[in-house]
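Heads up, the next two complexes both have chain A, just with different partners, chain B and then chain C.
Presenting the complex of A and B:
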């Protein structure tokens, strides 16, 4: 009996988790002018409206570009830090971990304001995309660090010693032993980093320069004044794209969620 | 490799975190004491007026207290809703475990703006819930679900539920299943096993989940801004208004610092009360 109650309770929670997502997807096929339920007939008209709306297309472009560049830097910086953390940090291990995770532990809104003041003080301000990129690298770094260090923890330093005693040079040891072992962690970290960057809001809102609104910002701006289902069409495409990428990566390399 | 060479691995992350995180935090702390500027983000002199303005105005104090309340209720709601799910997901014999795990993770893959948007469609006066209830004849006028604290809490609970479920789940997974059977073979009833054995062992996960959700809820902007509209504003929304709309940078910084100190203080008290070891 107790088990059935638990199962029903959990199913209700899963329904709660999926409800807003389903509603958005459903609303995107609405044929009417406004968001109404039940929809006034099915249609793809809002998808066509979206494909002609340059503002959203440009925002998607900006988001993709920032996510790609930020992920590139995050993966390099985060992987190096994770290698140091697992293998060489010694008694500073805890300090390195807290530092690497600190962007996640500090409130995002305060970090955004802090960066804004700093950029203004050093004279860059928000005239370039530099600040936006730095913010995104900071916020995605912890995810790369966590993923790579988790896959490195499984790596036995004895293997490296064995290779060394067999005459392998440091670079060969890195390329032939460590790299294959941390590759899944790096790919998982990169994926997380990309998805997180695509969703960063407060930092992007405060640090964006003119004309560099990311998709979440553009969508938010649109929702403040418009009620047409176009926003639902944009959202649905973004959901489908994210899930497709995650599922493909999961199938190809067997993603492990090392988030916590 | 020598000590010096391995240190190079840490250099890029170290430079990034010191230059673009530690130094900006020092500068934001100083800037909160700046005078407001004329046409510039901040003026030349220093003052404590930004803080006395917050503490002396019941509007800001009340708003901060309401924001803390929203954070606390959201944390409690995610805990009550998430705890049984975390326990269920941690069972290795669960059928369709991958699917359920995917459902728990799915909100994380859907942007926070999109999720909040979904809630505006559900909760609005002409939204799915109100319309359905009216068609069934259960209500005459719309229930006030949006533009108030209740709506914000409902949406935030959804947005941050995965951050409660996942840490508890990993803590529960680490528990040896034989612990439960041992307690039962010694005559403990099921509720006793849960209360005396499983919950204490899951406690580290519960604690980190609570802290995570509370901090995230306090500083969240998108959800309160979309669901609360112009009628209910949290402190984070007022902070962004001050930064972007009214261009009062020092005041915005002071308000954000106040909120962070209140949040950090609450976390410390919570950790002390639940006697958590910082790890």
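Presenting the complex of A and C:
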């Protein structure tokens, strides 16, 4: 009895949280001129409109590129930070952790403003993609850090010692023993990183150079002046793309990482 | 075949008292040596220094006369078996065994041959392609030993390798490790806090307390002629008798069993004597010997443990085969061959 109530309650919460997504997906198949739900007739016209809209296509390209590059750097820096945190930070362990997670703890707008000032102070400014990338790396770093530290906490340092006694030098120990064993954490972190980067708004708004726009920014711009189902179509496509990435990575690498 | 010599080997962690305090030990080539002691006695630190995982603060570690104290672990040519086995979880048994040879740039064909030889040696050829997680504790243990031996190291080090196994398997593995070591003939250092393991497996038992070697000797020597009460107590049950000098027979201490010859201390002082519980014979009251009363009986099948008390209040442990059906409260008579008494050194 009590269990049933709990189940219904959980279902209701999920329904409440997920409903807007279904609304967006539903609205994207609208045949009408306006972003309404339920849709006024079914059609794919807004998808075709989207694929002819160079501005959106370019925004998606920019977002994918930034997400990929930011993830690449995030995984490298985050993994190194996690290794330092778990194995070498000693009594500064807690401080290192808080520092690494601080982009999550601080309001994004503060981080964005701070970075903006900083970038102009050191003369880099926002005329290139550089500042935007730095912001994305910073915001995605905590997710790599958390995932890799979790897999490092499960890493038995005796494995490194055993490899050492068998004649493995430091780099070989890292490449043959530690890296394969923390790979699941790195992949998990990379996935998070990619998805988060794809979604970042505030940082992108402040740090983007003039003329470039990531998908969330472009959508925001678009919705300021238009209210067509094309926005829903774009959103639906990006949801599908995100899920596809996660599923592909899970299928290709996920199976391998659970082998032992 | 490597002869190992520790010369005033010392390890001091920053600011603390020495974890290992100037120990000197010769391990003849091919011998099986146990470092035995309670946790914190320095046995594991000593092993880690032998392996090269810990820096030596001072003193010397010599393999065949060559000081290896500064040689990094990866170049020291040691085989190490860890308490939790430390098998690489992402590699099969075969890959685990091959790892050390790959590090040595051994040819593929040679690796294959030697891995196969090791698999046969540790009786695991049927599990070559399994991952460690798919093996039982005993099988993992054998892979760990095989992995350490495949590289044909100069010495084999084992750090409490049986601690995580259940009692029955532990006894099997004792025999397995001992037989293997004899067959391979490798100089072996084995760290344990389990006296039964040390006694049954070793050529030489080194008992350590507080960073010092309390006594080193053959198992029998350690058990039968312990130097101190601590050593006597660590390697088995013991009755410690604080005996005054016997005024009637000079050079003898007065015990409930009669005067026992000792190397006399000053007049009026006492000596500490050790007597193993199985050295005492127990017989029904009236038989020749010292009368005592049974306080507790612990029957465990092959043997029975009695706790007894003499009229003067001294307690005594006796271990014997269950010959008589004695019960708590029975009056009995105890006798002992006086040669079984051991005079212990004073500990300060």
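Methods note: the second predicted complex is superposed on the first by the 249 of 260 C-alpha atoms of A that agree within 3 Å, B and C clash if a C-alpha of one lies under 4 Å from a C-alpha of the other, contacts with A are read in each partner's own complex, and residues count from 1 in each chain.
Everything that follows uses one rule, which is that contacts are C-beta pairs under 8 Å (C-beta built on N, C-alpha and C of every residue); 3 or more make two chains touch, one makes a residue touch a chain.
Remember, it's a predicted structure, so these values are computed and weren't measured experimentally.
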Fit or clash - chain C, chain B, common chain A: fit
Touching partner for A:231 - first (chain B), second (chain C), both, neither: first
Comparison of chain B and chain C by chain A residues contacted: B
Partner chain in contact with A:93 - chain B first, chain C second, else both or neither: neither
Touching partner for A:110 - first (chain B), second (chain C), both, neither: first
Touched partner set for A:246, first chain B, second chain C, both or neither: first
Partner chain(s) touched by A:169 [first = chain B, second = chain C, both, neither]: second
Chain B versus chain C as contact partner of A:161, first or second or both or neither: second
Lowest inter-chain C-alpha distance for chain C and chain B in the superposed arrangement, angstrom: 11
Overlapping contact positions on chain A, where the chain C interface meets the chain B interface: 259-260
Residues on chain C engaged by chain A in the complex (per definition of touch): 51-53, 73-80, 82, 84, 86-90, 99-100, 103-104, 131-133, 147-148, 151
Of chain A, residues touching chain C in the complex: 156, 158-159, 161-169, 172, 176-177, 180-181, 259-260
Chain B - residues contacting chain A, complex: 1, 3, 6-7, 9-10, 12-14, 16-17, 20-21, 23-25, 27-28, 31, 41, 81-82, 84-85, 87-88, 100, 103-115, 117-122, 126-128, 131-132, 155, 158, 161, 166-167, 170, 190, 208, 215, 218-219, 221-222, 225-226, 236, 239-240, 243-244, 249, 252-253, 256-257, 259-260, 263
Touching residues on chain A, where the partner in the complex is chain B: 2, 6-7, 9-10, 13-14, 16-21, 23-24, 27, 35-37, 76-78, 80-81, 83-84, 87-89, 96, 99-100, 102-103, 105-111, 113-118, 120-121, 134, 137-138, 141, 145, 170, 195, 198-199, 201-202, 205-206, 215-216, 219-220, 223-224, 231-232, 235, 238-239, 242-243, 246, 257, 259-260
